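Next up: the structures, one after another.
After this come two complexes, each holding subunit A, first together with subunit B and then together with subunit C.
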Partner chain A sequence: MNASRARFNSAVGFLDLARRAWKRSARLRVGAFLVGVVVFMAVLGPHVAPHPSDGWGVVPRNAAERAGKPPCPEFPFGTDNLGRDVLSRVLVGARLALVQITLVVSVSLALGLLVGVCAAYYKGPVEALLNYVAEVFLALPALVVALALRLALGQGLHIVVASLILSWWPWYARSSYIYARAVVEMEYVLLARLAGVPARTVLFRHVLANVAPPVLVQAITDLGSVLLEASAINFLGIGLPPDAPDWGVIVQNGFRYIVSMPWVSMFPGAFILITALGFSLVGDSLREELDPKMRRRWKLWF
Partner chain B sequence: MVLAVEAKRLSVGYEELEELLWAVRGVSFEVREGEAFCIVGESGSGKSTVASAIAGILPPHAVTEGELRVGGRLVVKGNERDYEGVRGHLVTYVPQSPGASLNPYLEIGDQFYYVLNNLYGLSRKEAREKARTYLEMAGLDPGAVLDRYPHELSGGMLQRAAIALALSTGAKILVADEPTSSLDAHLRLQIVQLLKRLRSEVGLTLIFITHDMLLAGVLSERIAVMYAGHLVEVGPTKEVLRKPLHPYTSMLIECVPVLGVKRPLKAYAGEPPNLSEAGRGCPFYDRCPFRLEACASEIPPVKEVGESYYVACWLY
Partner chain C sequence: MSLNYLVKRLAWSAAVLVGVTVFSYVVIVLSPGDPAVKWAGNPRGPGAAKAIEEARKELGLDLPLHLQVLNFLKMVFTGNLGYSIAYRQPVFAVLVRNLTATLELLFAAYLIGVPLGSLLGVAASLQRGRSVDGFLQTLGLALASAPSFWLGMAIFGALFSAGFPAYGRVSTGLALMTGFQAITGFYLLDSLLQLNIPLFIDALARLLPPALAVAAYPTGLCLRLSRALVADALLEEYVRAAVAWGVKRRIVVWKYAFRAALPGLVQVAGTAFAYSLIDAMVVEYVFGREGLGRLLFDAIAFSDFKLATGLLVLVAAFYLVVNTLADIAQAVIDPRVKL
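Showing the complex of A and B:
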């Protein structure tokens, strides 16, 4: 039985989708490699960083003699104006970057899916109310929310995460609502309802299962965009405190010396780029696999 | 005589925004136990709605009038519907397009499990065993089908799986709503033969909805013709097909081509009346070649013209 399961299970689930895309699309493999590098950094970063305390933002004792060194064998990414090793800071920062984006995307995804599916399933006032609430939040820019939260709650990780969740979840609510609108009209949903299956079970077994895959793919693409947005908030100094090991903060630290020590901003910036690129490549190729109509006619070099 | 289904002046309507559309208007008919009963008519004639009413799957926004008994149990009385213990236990349903009626994210085995678990509280293993017997009965290889998702099966296989799923409930009245409409001609015949075989094997009462007169002729013992929500003719299939009484029935029969026989095919001009416009007279008045004066003003009453043979037309 298990053998036949493995053979015939070539279907529509999310994992199967990923497997098929992996075989077919080089872009997915490149994207997955980039994401893999960042995840690897996040896991091992603090342990392999050559100067761990620099990484956490502590100013070294011999700061004066180490400050502002360009990339060299001892400091491959150079040092910043306070003599901290940029490589160590970037390595330690990877973990925080991933924590931020997974927190934001998973919470907004769960919230958005639930709201969207409920809005489509319970028609009438519930639908109107939930959609209205989602639209109100859709109108809020993350930066403005972050600014307000910063004034009310002070600095910290919670500002970045909360403001991004508040402005991201309505997108998932919106798209899952649209997919769910079609699914709730399917015969199997009506038949299950008439058979007396409780609403909660119908929602999860029939509606949510059919709505989730395209929204999940969207969420993977969004991981990159969320990193960009989070870095922007941190760069502007609204989110994390000035010496936190976050790529946006490091870019901001180097920004004042952009002419004399460009490497301080360049390297963390490059990692932001790589991560965002990796996630959007993965998400893009998964989306193509999900919906061949969206396949592009032109090709990138990979 | 035991009646499987008995409808008395049954009307079914749908609430669309502020409007109420009557899709079925006061039909009365009987289906005997063990009989193969066909309801034919063109699209929008209300035949699918009758099927849903019998199977107990009218959507919540439907409105009913009249009476309907299924398996001796009163399920529709006025606008009250109670299918508890009837739906899935006494009557079961084969959908029009199983592709849209089976959840694409559940394997065929799981579809059986959820249905049987919901009805009888069977465990996954028991449901699988049961699914095996019924899939085999429907002419499928259970090992090759149970672990597949609906989209991996062909239309004919899906329809067989849907029939097996319907039978596995143990209900003896099977309502099949155009089960062959999305299939090729030879598959259509296979499905019909399967239904015929199952009918004698299991002792089913078969209520078959179709717009295909040929299939109806092959399959059924009695036939009911619907037009614009009215039942215009009900009678033994052979007699109705050989010598139709109602002009609409003869129109349906005359427009069926016969392979190898050259004969003029007739199609009557016009379209069925819009359901939202309630005409006063016979619904077929506009297209009828034999219309009389009485037809315009009054709906013809149902007349018994033979043994269990009824027609609603002023000509008789």
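Showing the complex of A and C:
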């Protein structure tokens, strides 16, 4: 093994992994570009949007004369039935998209890692109970949980985020449990325990640090999948209110006008696709880099 | 596969269903909005307190929580999910009636998506490292990353502009004229049973566009998965040996390499099938089809929390059933599998 190849259980290790993957994989570069575009939009969007108030969902005063314009130099993505500039809405919406997916993935990642590692470390009844709870939440679909929460709590960002967290954390619990089961049998864990290191330290420093890398990489791919689910919830009007600057909601705004003004729905939907694709490309190529089995060069003898 | 495995697997699924049922009851009862107020119809005025009290008694909400949960469990396991406000019918009947419509769409989507994806994946793995492979893999990712409602809207809009409104499940006029009767709820099957060929064609033409939108995800998934698994299998010694023995290329690819990828493919496609029920519900809404997707809106419009709870239990149960079947199928295909 190459000695300079640091293990990926620290920030330095992660950067090293990313650098190697960057050199090797064109797909990572494309994915990083797509994600970069969206992050750029999220940071600058509200400031560079040509019609900022349209972006936040306010109906302009001259709505009647601006309504339903196809894409043209003044409105590159056209306007919707209420005369709002679709480009501004898409630009402002990038921020909310990233907020939703980072909230969901970070909370469920923390929860899932903790549960998975604990289940593997404390064997016996704790393991059985945690696995059972994870399995129950695995069977609950985010969209229908969102419906139940919507009936109980009304509309809002909390509905989308809570329902997605409830249905995403068990995935991380399950995969970190599978990795952790191998890690807790390692000799360095046993030695640490024999040396009298407290269980908390063993859990975090020895087990968690060695379980996290593949799960973290999975989480990058999941950022895209979470966006798809969140958009579906918002599209159906279960999550965010009707004029919120969210891509799913904008697609819904154009739903009744899909034949007469398709641009209202098609542009924000394309951005959902681009974002999800970008995260999948990045996550996929990092996973290939992390897994030595997938890294081999293909021998084209067949 | 042993009987022992089967019993263990089924017992585990039943236990998980109990957990799901408890959750779906508790999440509604413990949340701030009071179901009794909604059941009483948001009453105001002097008689309100009495009406809410009565509703509370009617719903069994005056009992201690553990008794309520036990009652609900008893109801669910006897197939009784309560009474829907929106439909003024038992929730169970409403769910079953709409489930067949959604299942028809889902089956059609997977009958398109899984073979197509596997075929493309095998093609990509035979070209691995070349540009065709890169293109197909990116296509797979893009298909799996496309929002299904957006794809559905694009297909619907394009077809509408071309003169075919793919709206609903069948043309109502045609159904009335030909005297169509729903027997099983799967309209394709029903129309064939009644030898109603025009209606069969109509139902098929209205089924395919939404099925394509739902099929995007399984196609992408199977493409990527079979590409990875078959490419791995092609490097195995037994494939090399088969090639050396002069076995035909077609047989090597399908009978040796693809056969090795089959258990993994069944497992992943099974799980994806269960989750795609949600996709199918969303796409149904886009195409204005009857089905579970419509119930989401009725539940919101009427604050019908019984329907929402029932839907939650149904979708989770569907997931459990499909996953159990996929696990059993995998145990049959791959004898090494143990619980």
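Rule of thumb we're sticking to: the second predicted complex is superposed on the first by the 280 of 302 C-alpha atoms of A that agree within 3 Å, B and C clash if a C-alpha of one lies under 4 Å from a C-alpha of the other, contacts with A are read in each partner's own complex, and residues count from 1 in each chain.
One rule holds in what follows: a contact is a pair of C-beta atoms (placed from the backbone, for glycine too) under 8 Å apart; a residue touches a chain by one contact, two chains touch by 3 or more.
What you see is a predicted model; the values in this text were computed from it and never measured.
Student: Touch check for A:V251: first (subunit B), second (subunit C), both, or neither?
Tutor: Only subunit C is touched by A:V251; subunit B is not.
Student: Considering only touches as defined above, state whether A:C72 meets subunit B (first), subunit C (second), both or neither.
Tutor: In the superposition, A:C72 contacts neither subunit B nor subunit C.
Student: With the two complexes superposed on chain A, say which partner A:V43 touches: subunit B (first), subunit C (second), both, or neither.
Tutor: Neither partner.
Student: Please work out whether A:G224 is in contact with subunit B alone, subunit C alone, both, or neither, and reply first, second, both or neither.
Tutor: After superposing on A, A:G224 lies in contact with subunit C but is clear of subunit B.
Student: Identify which of subunit B and subunit C touches the larger number of residues of subunit A.
Tutor: After superposition, C is the partner touching more of subunit A.
Student: In the superposed arrangement, which partner chain does A:V197 touch: subunit B (first), subunit C (second), both, or neither?
Tutor: In the superposed model, A:V197 contacts subunit B only, not subunit C.
Student: Applying the touch criterion given at the start, work out whether A:R150 contacts subunit B, subunit C, both or neither, answering first, second, both or neither.
Tutor: second
Student: Which subunit A residues lie in the overlap of the subunit B contact set and the subunit C contact set?
Tutor: In subunit A, nothing is touched by subunit B and also by subunit C.
Student: Where on subunit A does subunit C make contact in their complex?
Tutor: 27, 132-133, 135-137, 139-145, 147-154, 224, 228, 231-232, 235-238, 248, 251, 255, 258-259, 262, 265-266, 269-270, 272-273, 276-277, 280-281, 284, 294, 297-300, 302
Student: Mind pulling up the subunit A residues that touch subunit B in the complex?
Tutor: Touch list, subunit A to subunit B: 1, 4-5, 8-13, 186-188, 190-197, 205-206, 209-210.
Student: Okay, in this complex, where on subunit B does subunit A touch?
Tutor: 56-57, 59-60, 83, 87-88, 95, 100-106, 114-115, 118-119, 143-144, 147-149, 151-152
Student: Which residues of subunit C touch subunit A in their complex?
Tutor: Residues in contact with subunit A: 12, 15-17, 19-20, 23-24, 27-28, 31-33, 126, 128-129, 134, 137-138, 141-142, 144-150, 153-154, 156-157, 160-161, 228, 231, 234-235, 239, 243, 275, 277-279, 281-282, 285-286, 296-297, 299-300, 303-305, 308-309, 311-312, 315-316, 319-320.
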